[in-house]
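Just so it is clear, A, B, C, D, E and F label the chains in written order, and each chain counts residues from 1 on its own.
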Amino acid sequence: MSLWKYSNPSKFLTTSERILPWVWTLAAICLIGGLVWGFFFTPDDYRMGSTVKIFYLHVPAALMAINAWLMMLIASLIWLIRRHHVSALAARAAAPVGAAMTVIALVTGAIWGQPMWGTWWVWDPRLTSFLILFLFYLGYIALWSAIEDPDTAADLTSITCLVGSVFALLSRYAVNFWNQGLHQGASMSLDKEQNVANVFWFPAVTCIAGFVLLFVALVLYRTGTEIRARRMRALLARERAVA
Amino acid sequence: MMPDLGKYADTVLWSYVAAVVVLGAVVAMTFWRGRRVRAELAEVEARVAGKAGTNG
Amino acid sequence: MIALFLRDLKLAIRAGGGFGLGLAFFLIVTVLVPFSIGPQTDLLTRIAPGVLWLGALLACLLSLDRLLALDWEDGTLDLLATAPIPLEAVVTVKALSHWVVTGLPLVLAAPVLGVMLNLPLEGFVPLVLSLLLGTPALSVIGTFGAALTVGLKRGGLLLSLLVLPLYVPTLIFGAEAARRGAQGLEAGTPLLLVAGITAFAAGLLPLASAAVLRVNLR
Amino acid sequence: MTLTVTDLTVARAGMPVLEGVSFVVAPGQALVLRGPNGIGKTTLLRTLAGLQAPVAGRVDGAGEAVAYAGHADGIKATLTVAENLTFWARIFGTQGIGTALAAYALEPLADRISGELSAGQKRRLGLARMLVTGRLVWVMDEPTVSLDAGAVEMFASAIRAHLGQGGSAVIATHVALGLEGAALDVSPFRAVLPAPGSDAFDEAFL
Amino acid sequence: MIALFLRDLKLAIRAGGGFGLGLAFFLIVTVLVPFSIGPQTDLLTRIAPGVLWLGALLACLLSLDRLLALDWEDGTLDLLATAPIPLEAVVTVKALSHWVVTGLPLVLAAPVLGVMLNLPLEGFVPLVLSLLLGTPALSVIGTFGAALTVGLKRGGLLLSLLVLPLYVPTLIFGAEAARRGAQGLEAGTPLLLVAGITAFAAGLLPLASAAVLRVNLR
Amino acid sequence: MTLTVTDLTVARAGMPVLEGVSFVVAPGQALVLRGPNGIGKTTLLRTLAGLQAPVAGRVDGAGEAVAYAGHADGIKATLTVAENLTFWARIFGTQGIGTALAAYALEPLADRISGELSAGQKRRLGLARMLVTGRLVWVMDEPTVSLDAGAVEMFASAIRAHLGQGGSAVIATHVALGLEGAALDVSPFRAVLPAPGSDAFDEAFL
């Protein structure tokens, strides 16, 4: 119950304002720390050579691309069920960030693919499903910006997010069925010893933490912006109505 | 200082550049819009409050 | 509901051939492919099942933006929403009549166009079957997209953007079935999967379509 | 079926436009809504018809009893007049379009394609649609737009007949309809917005 | 006229990204091709130039039906016809703004999509050049089609049917130029022919478009 | 610029609807056209505006001098009120939308997206457009549809001001406009179709 009080816009604004500096700082520390660690102080992989350093960008971005969508899905459900405005706006705020993460995963992957697979792009299932995810992000963002009335937009985009998630899962299986790809299997599983040596593992975890924190900071800040934009819209409408 | 990246130097550096550019763009756009909306809201709030004051 | 269905069919025929036009688009896309790819027979044979599926999908897609938009503009949707028919039924009927007007003719025309693209003989049955099982899903998903964008000016392209990723699973399984068929492989599994998607979409999506339509009518 | 509206607040695009509207329309009665452009008549009528939810207050006795006629007529340009009416009759589960055609003198036009009607003829067709719904509560938005004097008279008789059969009607208009019955000017109900800075921000960003 | 051009651009941006959406459709068609054809790289490389041209053409085509229809529905065309601007200028401006909003972004996006279809490196310049020279013809021809079908309900598909044959020459020469380029052959002649078609269409078709528009306004 | 209509026959979809219409509207005069629904007023006005050619007879003094306002307003829903007016001002090569906004009390709405206006507000915007055309002969089809009494009064003043500046107007309407000036009922000009079998068959398949 008590958690819901943060869904009150003004309460949310004051609270997020208070914690945001900390989140920004932590994000910067983890991100810069992890990337510097990974870039300067880790050895090359015996197979992949120095390209293993792309790992520190590619994997966290890929993880966040999926998690951002998951967060939007949860926020959409909260909006649909409990109609908390902040949660709808948080979903809206997260979408461009998630899209950017998807772009980073795609671009770093493509650049990585050139030396590893000899081509920028192959229609591998994982790559393909990321592309589809990117399309979902685009559609979602376009839908938000195409609708004037914020509540209508929130309703429609939430349902879109729901339906989209189901179909994104379906596509994931479809692509797997369609083509067995070149891409690495999941190596970040719990029995990490088996897959990734500690030298790569620790900076990678730092980078992942950095990406997560950066995402949180961005979403909190952007949600605040959306709340203000909405308040401004309401005030302007009201000013017009009084005039 | 600079680690030896071997024959993959281009690849690694470009992916870092690309990622930093995209992240930087998102952060910059976030702040840019955040600042602007904050300023506009302050202005509108001042105006509306002023009007409410004169109207009684 | 039957009245609505019959009216939609009548409108489709009346308006200068709703039947013919989806078909014509399908035909023309298929015809344009050799122009753009070049006329090598072996190449065309290899891509034929895929091109036919893609053409069918685009023909469906193109006809979506008027699926609900016309009824929206002239106020019919407002009136249907206050009529004694649940909106879920309305969108289901709309999807059904869209399929009859667009999807079904495509299924029937596909073999003819297959000949033009040198589809191997054993590929015809799987192609037609996969289209028959898959195109209803395209109509149902398309109706959801149309309901989502119905109030928007220039909704047409936004509609495509929203609907196309939703079409991906149907397309993959459908085209895979047709391709396997054309290569003489077993195509049962993808066909089953297509049928599954259609059943799933037809069962659940009308609820979502009705919900977004209600929001848009507000 | 008595239509009872209690302390209703209606909103357009998230902004309340009318507040505290209450009225009762008993069977056999018609209520004419008046008020300047943009005051919120259309919004109120859409709420009565159930197309949008009220922000506050209640609407009783509407629901499935309401037939709505908005600014647009819901006419298919490629169907004939008779086909359009028959379609709506079947949707509402009623039979026979004869009386509806007769009430608005549409018989000579029955086989015309609706797209080829003049503005006023189209409107008459839109009004005739109300007769085939079989619904008791008519909610109509500026019904006499584009109508000539004779057609306005047809409209008035149709309403009188409908009231005589125990129906009721809520009609928004700017012009004289030739109807007796109560009128309600909605101008006094214009929504007063809460002062900025008040706690209302918590609720809806205001 | 400049006012009309600027207004059209403003409308395109305002309505939720007219710019982005034609592009998005192009992107999505290109993405769907591997789903339907299958993911074999060699096959994709061979059909890449053709697919990109076809995708650009369809993206143009899809955006045509609202090129004039919106102005028709709300009466703007009636009013423009009585304004002190010749209708020939109106349709020319319409075609121009359509190209800026749809064609130009396609030209710029084509190289990126070329990567996804494994277009060989030497094919990029001819592809972009051929699109740059060819897409204006698509807009001008499309405007003619839009003017022809402007008063019709469900004109969308009829429009495609009418316009697609007119697109054939542009498509053939454009795709040929791109294909030759991708195979490392000389592509000068087809490029010249595309340029010729564009010049010819831009010079003469606006007269025809204005004429049919006048008829439709009657 | 005197608008002279001589023995005009106008047709809709190939069928003559009005025949032998003649009138003169001098600068400073307004002519109100009346007549029942479907008689052919819209057809006549579109002919005056040059949107369709007359079947017979002549229209003089119109052409480039005419500004037309039909049933539809030519408003872009995604542009603001001011942007819509500015667009039309630039198209007609005039400057300044201030007077047009003032004439229809649109200043408070100037920055509103036009799609969010009520029916009457939209219509006011459509009428304000006439003021930025700078044209002398106004041809208007049912201009006061959806307007409240205050807005009808604005319209009447705008017309009076226009006439005062040497303009003229031809207005089709079914309702009172609060305008002095000549009225013409077009009912007597309803086209009489030639008897079948007569020579007219050679001409027009009738």
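Here is the rule we go by: a contact is a pair of C-beta atoms (placed from the backbone, for glycine too) under 8 Å apart; a residue touches a chain by one contact, two chains touch by 3 or more.
Note that the structure is a prediction, hence the values are computed from the model and not measured.
Traced through touching neighbours, the fewest hops from chain E to chain F number 1.
Distances between chain centres, each the mean of the C-alpha atoms, put A farthest from chain F. Set side by side, A-B and A-C show the greater C-beta contact count at A-B. Chain C and chain D have centres, each the mean of its CA atoms, that are 37 Å apart.
Separating the CA-averaged centres of chain B and chain C is a span of 42 Å. A straight line joining the Cα centres of chain C and chain F is 44 Å long.
Touching two or more other chains at once are residues 13, 71, 77-78, 196 of chain D.
Touching of two or more other chains is recorded for residues 132, 135, 138, 142, 146-148, 178, 231, 235, 238, 242 of chain A.
In chain B, the residues touching two or more other chains are 45, 48. For chain A in complex with chain C, the touching residues are 132, 135-136, 138-139, 142-143, 146-147, 152, 155-156, 159-160, 162-164, 167-168, 170-171, 173-175, 177-178. On the side of chain A, the complex with chain B involves touching residues 35, 39-40, 44, 49-51, 53-54, 57-58, 61, 96-97, 100, 103-104, 107-108, 111-112, 114-115, 214, 218, 221-222, 224-225, 228-229, 231-232, 235-236, 238-239, 242. Chain A meets chain E in the complex at residues 110, 119-124, 128, 131-132, 135, 138, 142, 145-147, 178-179. Here chain A touches chain D in the complex through residues 8-11, 85, 148-151, 227, 230-231, 233-235, 237-238, 241-242, going by the rule given at the top.
Here chain D touches chain F in the complex through residues 13, 35-38, 42, 71, 116-121, 123-124, 142, 145-151, 174-175, going by the rule given at the top.
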